[in-house]
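Order of writing sets the chain letters: A, B, C, D and E. Residues in each chain are counted from 1.
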Amino acid sequence: MARIEVGSSAWFLIRDRAALISMAFLLLIAVSAIFAPLLTPYAKQGMGDPDLTAKFKPPSIEHPLGADSLGRDQVARLMFGARRSLSMGLLVVLIAIAIGAPLGMIAGYLGGWIDEAIMRVTDVFLAFPPLLLAIAIAAALGASYINAVMAIAVTWWPWYARLARAQTLSVRERAYIEAANSIGVRDRVIIRRHILPNIMTPIIVQGTLDVGTAILVAAGLSFIGLGTQAPFADWGVMISDGRLFFLSGRWWLSTFPGLAIFLTAMAFNFLGDGVRVAADPRLRRLL
Amino acid sequence: MTDSLLIVRDLSMTFRRRSGLFGRRAQQINALSQVSFAIEAGETLGIVGESGCGKSTLARCLLRLLRPTGGSVRFDGVELLALGDEDMRRMRQQMQIVLQNPFSSLNPRLNGFDLIAEPLRTHTEMSRKEMTDRVASLLAEVGLSSEFMSRHPHQLSGGQAQRIALARALALNPAFLILDEPTSSLDVSVQAQIINLLFRLQRQRGLTYLFITHDLGVIQHISDRIAVMYLGRIVEETTSEEIFAHPQHPYTQALLSSTPVPDPASGGQRIILPGTAPSAANPPAGCAFHPRCSQVMEECRTLFPTPRATAPDHQVSCHLYDFAQYQRIAPTITIPEEERQQ
Amino acid sequence: MVYLSFLLRRMGLSVFVLVGVLILTFIVSRVIPSNPAALYAGARPRPEQVEEIEKKLGLDKPLTEQFRVYLADLLDGDLGESYHSRRSINTDLSIFLPATLELVIAAVVIALVFGIPIGTLAGAYPRSPFDYATRFVAIAGVSVPSFWLALIAQSVFFSQLGWLPLGSRISRDATLFYPIAAQTGFYLIDAAISGNWDAWFDALHHLILPALVLSAYPLGVTIRMTQASMLEVLSETYITAARAAGLSRPVILFKLALKNAIMPALTVVGLSFAYSITGAFLVEVIFSWPGVGKYVTEAVLNVDFPVIIAVTLVVTVFYIGVNLAVDLIQALLDPRVRLI
Amino acid sequence: MKRLLLFCIALSLLLTPLFVSVAQDRNVFVYGHPVAFPNLDPSSGNSNENVVMGNVYETLTFYNAPGSDEILSPKLAVSWEASEDSLTWTFNLREGVTFHDGAALNAEAVKKALDRTISIGEGSAWIFWMIDSIEAADELVVQFNLNTPAPLDLVLSAGYAAWIMSPNAADQDNAWFNDGNAAGTGPYMIASNEPGQRMVLEAYPDYWGGWTVGQFDTIVFEIVEDPTVLEQMIRSGDADFTYSLPFDNYGPLADASGVSVVVTPSFQNLLILLNTVKEPTSNKLVRQALSYSFPYADVVTNLYAGMGTQARGPIPANMWGHGAGLLQYSQDLDKARELLAEAGYPDGGFSLVYTHVASDLDEQQVGELWRASLAEIGVDLEIRGLAWEAQWDLAINDPASAQEAFGFYWWPDYITPNSWLTGMFVSEEEPFFNLSYYSNPDFDSLVAGASAISGTDRVAAEAMYVAAQELLLNDAAAIYVVDLPDIHVVRDDVSGYVNNPGYPHVVFFYDLTR
Amino acid sequence: MAILTVENLRVQFKTPYGAVYALRGIDLALAKGDILGLVGETGCGKSVTGRSIIRLLDENAQITDGKIIFEDNDLLQVDDAEMRRIRGNRIAMIFQDPAAALNPLFTIGQQINDVLRAHASEAREDRRNRIVELLASVGLPDPAQMVDVYPHQLSGGQQQRAMIAQSLAAEPDVIIADEPTTALDVTIQAQILDLLRKLQRERAISVILITHDLGIVAETCQHVVVLYAGRVVEQGSVAAIFADPQHPYTRGLLAALPRPGGRGADLKVIPGSVPSGLERIVGCAFAPRCEHVMERCRQQQPALAEMGSAHLSACFLHASAQYD
């Protein structure tokens, strides 16, 4: 890692206590997701194997967060569920950026009818109520983890297309693009060398903020059964599974996965806020 | 005039801004109207005017960063407006531009080396070693050490950044340099450094300059000839000495008189123009300057004044000089107090 | 005049978008691997029945023809018929849509009434404890899964405290003993019109919990946006100029700055209103709120595509409408917009 | 947030006293119902709306709850007889019965009602496939002419499609019924309908059976999808009756005061149909191995909380035709491994797709439990939740690429063993509900033979049904998971409740008192 | 005599990089009815000085020392409420970019009205007349209609006139004009400067004119203060300083300006660059760039010393006699 310069963006991020705590929390979640098989004695249960002897065990030493209706250890389920919930959020945002950013850049840089065409398509996708389109697509493609990701990403990319276009438009007006043009640098080199690096910051900021929201939406889809399929579970599925028993005393089933989503989404939001402030010198002054 | 490096004839640039329902109504903005001038090799032509007069559009049209809607630009005998995109791209090796604010004209993500090497990468097949040597010599030429190869724009002062921008413009050994307000974002002491550098480079390399500015002090210092622009047209053009000694167009006179001189003793009566420049989207009929002109005549309101010579090598577009080629009318330059407020 | 053409242009674009949405949903609905005729036929159809129904519903015709028919019906204002319930979707939506809107409007009103003042104050006192607390609340609001919050809220306010009902829009007693005369479909409005105050309080009582749960997200967004744009506006030169002119802090904050700050906030509030319509889907399911969300969720489980398309269209119209309204309000508030 | 909370608390305190109770001067019965009523047309409705139909409309004959002396009892028909060849049936109608709209019940009305249903031909109307014509022989005598011998008295007791509606109503279209209109002869009339939320029935004062004190005059269906809410309602006395709660919650509920959990066998069972045409389940040995791999005991005791029973063949135990001596598979993983080895899959090594209705947690968990067992014999199970139509579409499109295992519920349209065997296992050219794609000419002829004589010689028919099932079990065309119970939760202060599995989840409110 | 005096004003900013010393001890005095030019290059502290006087520095700024005496009161000591009564009412401010300094969502009339309501006691109807009067006095055409016009409907020069009208609303004694013409064209600049001179003459207002343009100072001001790196290097009457600049920095600055007749000749250049605000400066801040630098310049900070009548300079070179 490079030396962190005083006053640099990274330095600001580290000074932001909320962002730092969030990063630590997310790291913890990520580590427990990645090394879940090593960290829990109930790895197979995390992958869906039932243990009917522990059915509905309330929180105890063996099962600190209790066990579900098929007796699976909730901690293991949460750790394995984190793999899906986190990756869903990240994948949605990455796919959305991968689709939206190039389109937005092309639209913004080239302008004219290409811009018009891309932006009208974007408008159509933006006009869809986000969850609803995802529901329709997931229903059409069939319920599965990857279909849910695709469905949400399809509703998400227009935001990045818009963002990338707006940024490209403002970068395109910068004198250094004109300077590059005046030298005779080719368009694709300009896009790659001058525009892309300069629009990435706001996209990364938005991306960080969006991961949390994407996790929420993905959990919503899973909650109504259109996401991760049994025997695997993500946090949304766990809430949904536990919900039937929630009011009749088995509170631990839905509470903990809900908290996990809540805290993770919060962490991404705090982190995203932190990155935004750190990346924008003007905001640093304001805050 | 055949041996002039750059000959511009009747250059026009009309922007269309779409508005109204579904953009059907198009608004025309005549940013440049029939601009003609020529620059001899090794000479500096200064273009002066206020914001919105079209001087920056002119620079961009000459380089074909914008596509002019009419006229002709011959550079070194080649008609630029007839060139294909690829030929024009190559032609840009010969003509370069330095922009006003070095911090915005240098990509903040690139370091000094990459910035200066970019034109070399674009137009030559140099090895990395050759490139490094070339960048180092360019840096030396603009008075910077090779350390600056690794500096990013935010680590530079304004003067240093403008030197990098100059080095970059010189990388391909162009013959012609357009300088678009290269010093107006700089402090006075730094501005002096850059102006001196520009002189030195012109002497050493035999460069031809088109120098654009709103600052009369700077322009008279650096230019051989000066063209004054108002609302997309050149209203007066002559040598540097002549224009300061004998300004002819009422606008030029007002401009000269409005410019504060750092000499409390110079005192004198000043011309204070009333109102502001009209919009290029909606220019007044006749002479565009007539609504602000203190000597407005009837024909000014309807008839556009074509350029005419009032002295050898002194062109003015003003009806005041209608009947008097080579004859100077000494205009009165005082305006009653009340009128100034309008 | 300029304003009118701006408005017309925006509406023209909206129509374009709507047609795009229509085509897209239609395509999505037709590529789906399912058998709508079987759905129409009911729980245990016979093969002949399914074929019969395919003919009846025109599902044997080419896709373009189906789309033409659908479009023709749509232009007549007919959204079609549910394959599952066979009820006219127009009729169903006339019942479910007001229910959802009542809920969403309540949530957005809560979000605005609390969010704007809180956001304004937080923006005015950056780095104060209030600002930090507000930031936390705002982020919590946008981070909490609404369906989970709904469960927690039910458990607290129904199971533990017993203050609020568990779900549904109005109590059975109201239905049996003091029914609301339906006019607008908004219970609070209908009850108020007819002076049926028992039913009015009953409806309000049922509305509180789902509306609060649903308001979490828009509240968070409103606070965040108001705070952020307040912060930015307060650093503008014209605010410094106002301070330099010796204006008092309340005047600067609530008269001058708020008007500027509310503009960007408004856009996002519009968006979050639209977002809340879909957010309501999950909340409705949990609170047994007989709205569009419950309607469409059920349709999804049954792959009842006429309903899904219709709801998508109708919600999209609202979505577009809200955005249009926000644009227009902004144009009205901001003297500069008119000239663009 | 704190402010919100305070605001909310204040408001609640303000409002709560208003809702303590409104004096009830009516005897109201509340049925907490888990799904909305899709289609209120008595001719085509063949889903959950039967709980309404059963109280608003009546059939000519009535199927008695198992354990009664007679299978059928009179309803709108007081007596009936079949011709020798079972091709002509005559029904004598009850006198003095009026529809809710005032029209009198007579032969013409019955003919008109059933003709409407047959001509629309939707829903369960196919159960009348054997009817050639209906004639009003007299004012109160209806005569049915059949093209095939069939137990028509049984058919006319069906819980779907056999409802008799008023002649005026019979002129109406589907939309009229779905707007909440109805005109039957039943004890209750639809008073109001808030789709997706609540339906209210009121007693029909002129009901032919008459009214006595204690009977309910108002019935409310509360449509509540959320089982949690349903459970809270029944616990708090906000509902008098409900079903479809999670199995795991019935235990604690039974212990709660004021509530009874009524568990009775139903005619519904859960099977997993195995794809008999696609590798590797096309191999009989593999299917048998799968049958031995299934954790029957765990499913019955844990998923169904011991309330269902392991199925033995397709026909449930409370239905005649059920063979008590049939082979019943049990979990035996060693045997399963042996069979797999014999089939050429010594360590399993293949994977299967199991589909189920996405919203059905029971089916899903059946898959989850089975998957764990299959993993032990080296078989990987992919569990895929789909909408029913999508699941079905996948199965009927191309058997060779369809799912290997199809979670499937069956229940009879009218109560005959033939329904299970013909519906699911008789050869079909195009797969429809035979989603095992099972094809066995011997089986087909046994079932056809049994069906033809079932009206006349039940003993012989029963023997043939059992023989047919033996073939089926040996071929392991399906895994017979569980004979499902009907589980209903009733408030204790309601008396007279008896479950009749012939009319699933229908509560005959007329029989109840408080 | 002086209406406003600044004594030893020191301001620093807290930044992530450490403290930035913006003002390192500023002394100046504004005479009543005078236009005092505050001139210097980017970062010399001229704007900070203006903002300090009206106490509108950014939040991370800290006034560490000094006094600002206005009519016998130290403005750094008065409470916030009192300061608010002084702002706009006694000391008003004009900003560099009038487009940014006017609230885009309120009409010119509303904005001036707010100031009147804050400081004057006229009745509502009178206020409108007063606004029209003010708009007329700054030379806006059609003043009666200008009241209901939004800022974006005005040109840059008109906006600055409106801004000036607003600053005049409460009839202040002092106007701080912070680069009021930098954003404007030369011909418009001439209009605005002319207006400022006229107002100062007619209303006897004292003006602090902050600018980087020596030409403007020469033409507009009576006195001038030259700042360098947060210190005053030279001050005095415009006539004296332009005729006979004493400090090497002032001289360098004037020499660096391109002048008529000097075409083609090299301009005089001050080598090096301005010190960063992060540096602690010992001795004369200009020493590293000064062609006449002496040993003591690097160790000791020269104080302002009298060079002639109303002419002070902080340099050991010319003042050696006095220091010795």
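Methods note: contacts are C-beta pairs under 8 Å (C-beta built on N, C-alpha and C of every residue); 3 or more make two chains touch, one makes a residue touch a chain.
Keep in mind it's a predicted model, so treat the numbers as computed, not measured.
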Query raised in the report: Which is the least count of steps on a path of touching chains running from chain B to chain D?
Result: 2
Requested in this report: Show which chains lie in contact with chain A and also with chain E.
Outcome: B, C
**Report entry** Furthest chain, CA centroid comparison against chain B
**Finding:** D
Query raised in the report: Is the number of contacting C-beta pairs greater for C-D or for B-E?
Result: C-D
Query raised in the report: Between chain A and chain D, what is the gap in Å from one C-alpha centre to the other?
Result: 43
Requested in this report: Averaging only over C-alpha atoms, locate the centres of chain A and chain C and give their separation in whole Å.
Outcome: 23
Query - Interchain centroid distance [CA atoms averaged], chain C/chain E, Å - result: 54
Requested in this report: Express in whole angstrom the distance between the two chain centres, defined as the mean CA positions of chain B and chain C.
Outcome: 55
Report summary line: Residues of chain E that touch at least two other chains are none
Query raised in the report: What residues in chain A touch two or more of the other chains?
Result: 139, 142, 225-226, 243, 246-247, 285
Query raised in the report: In chain C, what residues contact two or more other chains?
Result: 32-33, 140, 158-159, 285-286, 300-301, 303
Query - Partner chain C, residues of chain D touching it in the complex - result: 1, 3-4, 8-9, 11-13, 15-16, 18-19, 22, 24, 26, 28, 30, 36-39, 41, 44-47, 121-126, 174-175, 178-179, 192, 194-198, 200, 218, 220, 222-226, 229, 232-233, 358-359, 387-390, 392-394, 396-397, 413, 423, 430, 432-433
Query raised in the report: Hey, which residues of chain C end up touching chain D in the complex?
Result: 32-36, 38-39, 41-49, 52-53, 84-88, 91-92, 95-96, 110, 114, 137, 140-141, 157-159, 161, 163-164, 166-169, 171-173, 175-177, 179, 198, 201-202, 204-205, 208, 212, 215, 219, 285-286, 288, 290, 294-295, 298, 300-303
Report summary line: Per the touch rule, the chain C residues reaching chain A in their complex are 13, 16-18, 20-21, 24-25, 28-29, 31-33, 126-127, 135, 139-140, 142-148, 151-152, 154-155, 158-159, 231-232, 235, 274-275, 277-279, 281-282, 285-286, 296-297, 300-301, 303, 308, 311-312, 315-316, 319-320
Report task. Under the touch definition given earlier, write down the residues of chain D that touch chain A in their complex. Result -> 227-228, 231-232, 246, 248-249, 252-253, 298, 302, 358-359, 361, 364-365, 367-369, 371-372, 375, 383-387, 390
Query raised in the report: Hey, which residues of chain A end up touching chain D in the complex?
Result: 48-50, 52, 55-56, 69-70, 139, 142-144, 225-226, 229-231, 241, 243-249
